[in-house]
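Mind looking over this structure? Questions follow.
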Amino acid sequence: MYYCDSRLQYPVRVEKPNPVFAKMLQQAIGGVEGEIRVCLQYFFQAWGQRGPKKYREMLLQTATEEIGHIEMLATAVALNLEGAPVTLKDEMAKDGAVAAVLGGMNPRHFLPAGLAATPENSNGVPFNCSHVYASGNIAGDMLANATAEATGRTLACRLYEMTDDPGMKDMLAFLIARDTMHQQQWLAVIEELGGYKEQLPVPNSFPQSKENQEFSYVFMNSNVDGSINVNGRFTEGPSLDGKGTYTVMQNKPMGQEPVLASGPKEAHAQNEQMAGILGRVKAAVLSS
Amino acid sequence: MYYCDSRLQYPVRVEKPNPVFAKMLQQAIGGVEGEIRVCLQYFFQAWGQRGPKKYREMLLQTATEEIGHIEMLATAVALNLEGAPVTLKDEMAKDGAVAAVLGGMNPRHFLPAGLAATPENSNGVPFNCSHVYASGNIAGDMLANATAEATGRTLACRLYEMTDDPGMKDMLAFLIARDTMHQQQWLAVIEELGGYKEQLPVPNSFPQSKENQEFSYVFMNSNVDGSINVNGRFTEGPSLDGKGTYTVMQNKPMGQEPVLASGPKEAHAQNEQMAGILGRVKAAVLSS
Amino acid sequence: MYYCDSRLQYPVRVEKPNPVFAKMLQQAIGGVEGEIRVCLQYFFQAWGQRGPKKYREMLLQTATEEIGHIEMLATAVALNLEGAPVTLKDEMAKDGAVAAVLGGMNPRHFLPAGLAATPENSNGVPFNCSHVYASGNIAGDMLANATAEATGRTLACRLYEMTDDPGMKDMLAFLIARDTMHQQQWLAVIEELGGYKEQLPVPNSFPQSKENQEFSYVFMNSNVDGSINVNGRFTEGPSLDGKGTYTVMQNKPMGQEPVLASGPKEAHAQNEQMAGILGRVKAAVLSS
Amino acid sequence: MYYCDSRLQYPVRVEKPNPVFAKMLQQAIGGVEGEIRVCLQYFFQAWGQRGPKKYREMLLQTATEEIGHIEMLATAVALNLEGAPVTLKDEMAKDGAVAAVLGGMNPRHFLPAGLAATPENSNGVPFNCSHVYASGNIAGDMLANATAEATGRTLACRLYEMTDDPGMKDMLAFLIARDTMHQQQWLAVIEELGGYKEQLPVPNSFPQSKENQEFSYVFMNSNVDGSINVNGRFTEGPSLDGKGTYTVMQNKPMGQEPVLASGPKEAHAQNEQMAGILGRVKAAVLSS
Amino acid sequence: MYYCDSRLQYPVRVEKPNPVFAKMLQQAIGGVEGEIRVCLQYFFQAWGQRGPKKYREMLLQTATEEIGHIEMLATAVALNLEGAPVTLKDEMAKDGAVAAVLGGMNPRHFLPAGLAATPENSNGVPFNCSHVYASGNIAGDMLANATAEATGRTLACRLYEMTDDPGMKDMLAFLIARDTMHQQQWLAVIEELGGYKEQLPVPNSFPQSKENQEFSYVFMNSNVDGSINVNGRFTEGPSLDGKGTYTVMQNKPMGQEPVLASGPKEAHAQNEQMAGILGRVKAAVLSS
Amino acid sequence: MYYCDSRLQYPVRVEKPNPVFAKMLQQAIGGVEGEIRVCLQYFFQAWGQRGPKKYREMLLQTATEEIGHIEMLATAVALNLEGAPVTLKDEMAKDGAVAAVLGGMNPRHFLPAGLAATPENSNGVPFNCSHVYASGNIAGDMLANATAEATGRTLACRLYEMTDDPGMKDMLAFLIARDTMHQQQWLAVIEELGGYKEQLPVPNSFPQSKENQEFSYVFMNSNVDGSINVNGRFTEGPSLDGKGTYTVMQNKPMGQEPVLASGPKEAHAQNEQMAGILGRVKAAVLSS
């Protein structure tokens, strides 16, 4: 269970409120790279954790920290909206700069929200919990979490570049540092479980003897002319898991041209689909 | 641009059609761990690739292979649906087993689709392209791709365990092998770019001097009683990127209790929100 | 900011795990009447609160409690999934009861989640944050919150009736009690602000002199034959806000038949839409 | 069943078409506070009404009125779009004001719709019918409806402030008045059913003896330091339903630290999750 | 504006309530082939109609009829739910047939809705208004409408086959007939505007001289081996619009291999993406 | 299965990059009228095709072509984004034109994507695969495809008008030509299957003797005053399928006023709904 303190984890100051930057910040709240996503993702991984207790603990604590990050960003959005233009009355005709601000604002920041943050991305698309990845497999989850923090830190860096408000830069410098740690944290779990050699392929509990090993370490080349224009760490040498050797193969059809049976009459395809040339005759009979 | 061959990449056979397994297979088509996702994800990463040409090439070719995987699974769904019960007329009352099949089927496999696969997950939720992750940052993208293949292989292994149809097991054994390779492939790119030491933190192009380095390698403990119950590779020793040392710190408020200004009158909060005790008086005046 | 304790707010016990009940419980996690919704809704109302500080405090504390409710329900789902059938191999043909369980389970509880809760409703539709209502108007928000708790308590009561597992009934009896309080809590805010007389119509800060008061307390009858078959507290007597008297009026067109101008040629309607009889002539000229 | 008259319920005039205001108006059409929502919500409540016939009647008639409100707003959007700039050709470089209009317009108003309204909110997010709340419980539904009208009226007031077009102000003054009535109407149903004393807690048909009454009228304080900073109508005195007395309690864990069993092997967690220290040994055996 | 009559357009009777059939019927309410879609689609086409007044009229009247069809289907769902099992208490263990019904029901029909229809499809996915197609082009719209009625009638026929309840068959026989007419109605508009010769290509107001006419009537063969295995009405002979002759061409690249510039430094790709071999050097400098 | 060539199907050149036009182009990528939709729609129709092999072939080849169209548009977006402003630092205050560009850009083009296309529409709403229509009925599918190409070509024409960049106009002139062909192609299938006379009503495999033929060719007039203001090809004369004669009828209720039974007590409606006047008494007893 959970507790709150009404103070913020880290200070949030806005010197020059900018409602267009408020719109941009929303990506870090409700975007798929944002804080609602990581918060819920870590919680659901914790709550469904069937492995060592320590991982439940770790996930719970970082998830709890992330609530505080949503809070900081929501506060930042609210502060950036103070003083925003909220009328189209005459400015639109007179002042291009105000017009641009109005055109560039998220209308929902004012219309339904009354100058506050929303759980949506920078285009106003609401966060959708299908982005909460929790696979029940610790290695898959740690990669998902590292991804979230890598794209999240990239986003935060882009926001940092976008503003010259010192308060906002200070807040983002803190959040970027936390994203640095969280990348390190999730990938360190894979390291402590033995790294790639032990953990790959995910899941490591499925015996590779059951997969079709002819294709387990082969880069498939799909170039139409069969030319091979790509090579790298993934086309030759030992595989990362130490269990195979990378090779290259030209993609080609090994399977059949599929033939599906006609559907049952209850599926009501057109007559012509159901019975070839005879279809029209049957149709005439059926509908008479 | 692209070409097709009407044959499949690998054979798809179904010996004992099972419409409930058809529903399960949908997760591998239109689930967030499925093939539509990786196909579009690799394509959009390729089409937006601003780095070395070789990565565009690699992504294009694997994306192209993945279209063939959607095709194989869609064919598998269609074959599993052949002979499925399509009526509630009397079976429901008489035969528990048929009733269970009908109750366990995806109704949309018959009703709008006429016994064919749909671009949806195993609950019939349509795939949503917000899951196509393409960050413009190669390391973030490679982690995203490895995640997709790790959760995708886990899913395929679970489907493998769920069926005893030899044709389905053979198809899944092939797809599982390809997922093995694709995990190796994406993570190998990070290796060839120098591994964690060079690539972390993502993005590596943001000078760490600008982040708040006091918090860059610190595990934040959010336990209410301050007890530290978690330790591991991520709480002590050198960080994975070799640029710091993991430590632990108790989470505590460093920021203020935020105070938001009253909104403008045009935002029409309740009077009581806008002016404290005086609100009701003002309201009376305004509405008279 | 926030803290966690790894124990639950209230005990969660499952004596007879039932994966179909696990599916049902999801409605209370990720349904629109569920706990993710109220948790985020109260948080966003708190974080955007521009009124008296006390309401930010109250909202924060209840939001924090709600995280613990999601946690309890997610734990209940995970426990109900233990021992669930995870294969279609042969049971489907042999045992109608097992088949029914499999058909009645949420496939995503096993396939991507590995026997854990997901942030989705009982049909597997992911929670969508557009349901987080925060209007910036305290009265609107309190009504929204009371609605969420009223429909949430109704849902919890239905779940209570659905199970005879003593552990589940005990957990639900606790959650139902909390929903009782939360209904009381949010509506009490409206009372302490003066009740309907002060708070209605919402927003009370818009002068009613500006609305078209001819229609402010009139029940519009839309029956095609003009007969009035409805009467009640809302068709006669003083209005709840004490500012008007309910009456009834037959709905009828007061406005015009709207006429829209033809679009610009760049909008490329069909020629026939753009220029009446002359359209086809013009089209011939344009395309020559 | 239903009938139409091609005239509008109330006049819709636009003197100074403004395509940015057209975008704003969309919130009142397809936003969650908008008219499509209330229209469908009242219809589905009516069509599923299992209570006294009078409520089906009332809901049907107001739902029918609401179709006419969508129509008025859609007409207003179309009229505001007349004369909108539909080309980026050269204006972008030359004229900041036109550029701002273009940047501030909803691109979908022109591109797919050809200068007409869409069933979407002010950010172009399509209305999603999960917002149609119909619980089968009349008190829950009436609160949901009052919420919709309270947030809807707040939205309409904000739109009223945003424009100085006399036609638009006149139309909005009418819609605001109707929202006044509809708030009164839905809450009056609760009154006529006995008010809070009879209707709370919702559902009133679940015997409170079955809920855990220790927690039914208690404000849970979740402050980390146990300090109680909130008090009001909801922390002391008789509850609104007259069935209890408000008190305050510090939130604390009453439940256990949850322990989930390892998943079955078919769930393919990593070996390390499944068997603690022994996991790697088993894995080696399994994969050999 | 609109009026209602509390009676149904056509009788709705259910002799043998079947909650699984209730789930199936939902596809006709909230599926993309269903009645909410056509109702809103025809309304939005009418309300945005910028062509001859007659089409606004026609669309309004059919849209109005469709509200009555949603109503009939919602009533049918509610009647099919009467007597449905609403508890898992003991049936699950004892009676396979009841278990199958429970497993096959839509849980949301009971849990949040209290045995009533919802605006969702047969998998419980809410209707999303992005399916309301209104292009501002009458020919595009008429094709969209004919599509909706063609797939809608196919759906209704499949539902007809699925049930043997005489009341349901009677209702569906009526709705199927209306779908017959509506297909005829929308396609007849294209006929009265001159048929394919006048109306194709859509939009007919864009001068074909501006399109790249070399590719206007060519079937592109994308077979990898260049073999042409398809021929038909669309590969030879005059085109349907009488303005060209169908031919076949092998698809091949006419364009370049695209080269995108490196992004700006603010986009924070990895260093290696931004500057080839020199990247790592620069990165070292930047981060020092 | 599939192959790629790294060159484009047709050249894509951008002379004057315009990030606002990049936003507009997104409608043709991820809008419902766009290329992802047709690509996946033709693929799923092909993969589920249960009719003559020739239609599978045709659909596969055109689907394959469409991947190349997404690729061209994604490239066009990326090129239009080169040089886009990516900072709000000072321009906002100083330069209205730059501000307007920033306000008019899609923030997600920079923030998460790093200046690349996304699988979203022009408002940043992600493509949702529920728009992939594949009904299993060839005539329904061909109408759906013709609709997609008609609205797609209308969209492309509007984009053509919006720009004066010669490279963009050249690319669009190619895509418009392909849309011309694809309209012809899909409708030609209906022609080769016998045209309206053979194919209507869809599905033609449902015997019309089973529909309620009294209503099969009747235009329902829903005007409240019974006046008939619409006539055309669809109100008199032979129907398009040659199987009936169009007539007009005034819409009127033929059905009953529906009466739903009270729900079971487990559904927990309010007492007043469940038992009329006696409800309150019962409620008092129950809760005591």
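Of note:
The chains carry the letters A, B, C, D, E and F, assigned in the order they are written, with residues numbered from 1 in each.
Please note the rule applied: a residue touches a chain if its C-beta (ideal position, glycine included) is under 8 Å from a C-beta of that chain, and two chains touch if they have at least 3 such contacts.
The shown structure was predicted, so the numbers you read here are calculated from the model rather than taken from an experiment.
Common neighbours of chain D and chain F, by the contact definition above: A, B, C, E. Path length between chain D and chain E in the touching-chain graph (shortest route): 1. Chain pair D-F has a twin interface among C-E, D-E or A-E; that twin, with over half of the contact pairs alike by residue number, is C-E. If you average the CA atoms of chain E and of chain F, the two centres end up 7 Å from each other.
Mean C-alpha positions place chain B and chain C at a centre distance of 25 Å.
Counting only residues that touch two or more partner chains, chain C has 1-9, 32-33, 47-48, 50, 57, 60-61, 64-65, 68, 75, 78, 86-87, 96-97, 99-100, 103-104, 110, 112, 114-115, 120, 123-126, 128, 130, 135-137, 139, 151, 154, 157-158, 161-162, 202-203, 206, 208, 222-224, 229, 251, 253, 255, 258, 260-261, 263, 266-269.
If you sketch which chains touch which, every chain touches every other chain without exception. Of all residues in chain C, those touching chain F in their complex are 154, 157-158, 161-162, 224, 266-268. Residues of chain B touching chain A in their complex: 3, 5-12, 32-33, 54, 57-58, 60-62, 64-65, 68, 72, 75, 78-79, 82, 86-87, 110, 114-115, 125, 128, 130-131, 133, 135-137, 139-140, 143-144, 146-147, 149-151, 153-154, 157, 160, 170, 173-174, 176-181, 183-185, 187-189, 191-192, 196, 200-203, 206, 208, 210-224, 229-234, 239-241, 244, 246, 251, 253-258, 260-261, 263-264, 266-269. Of all residues in chain D, those touching chain E in their complex are 1-9, 30, 36, 40, 43-44, 47-48, 50, 56-57, 60-61, 63-65, 67-68, 70-71, 74-75, 78, 112-120, 126-130, 132, 134-137. Chain contact summary for the complex, chain B toward chain C: residues 18, 20-21, 23-24, 27, 31-33, 96-97, 99-101, 103-105, 121-125, 151, 154-155, 158-159, 161-164, 222-225, 229, 251-253, 255, 258-263, 265, 267-274, 276, 280, 283, 286-288.
Of all residues in chain E, only 1-6, 47-53, 86-90, 92-93, 96-97, 99-100, 102-104, 106-108, 110-112, 114, 120, 123-126, 136-139, 193-194, 198-199, 202-209 touch chain C in the complex they form.
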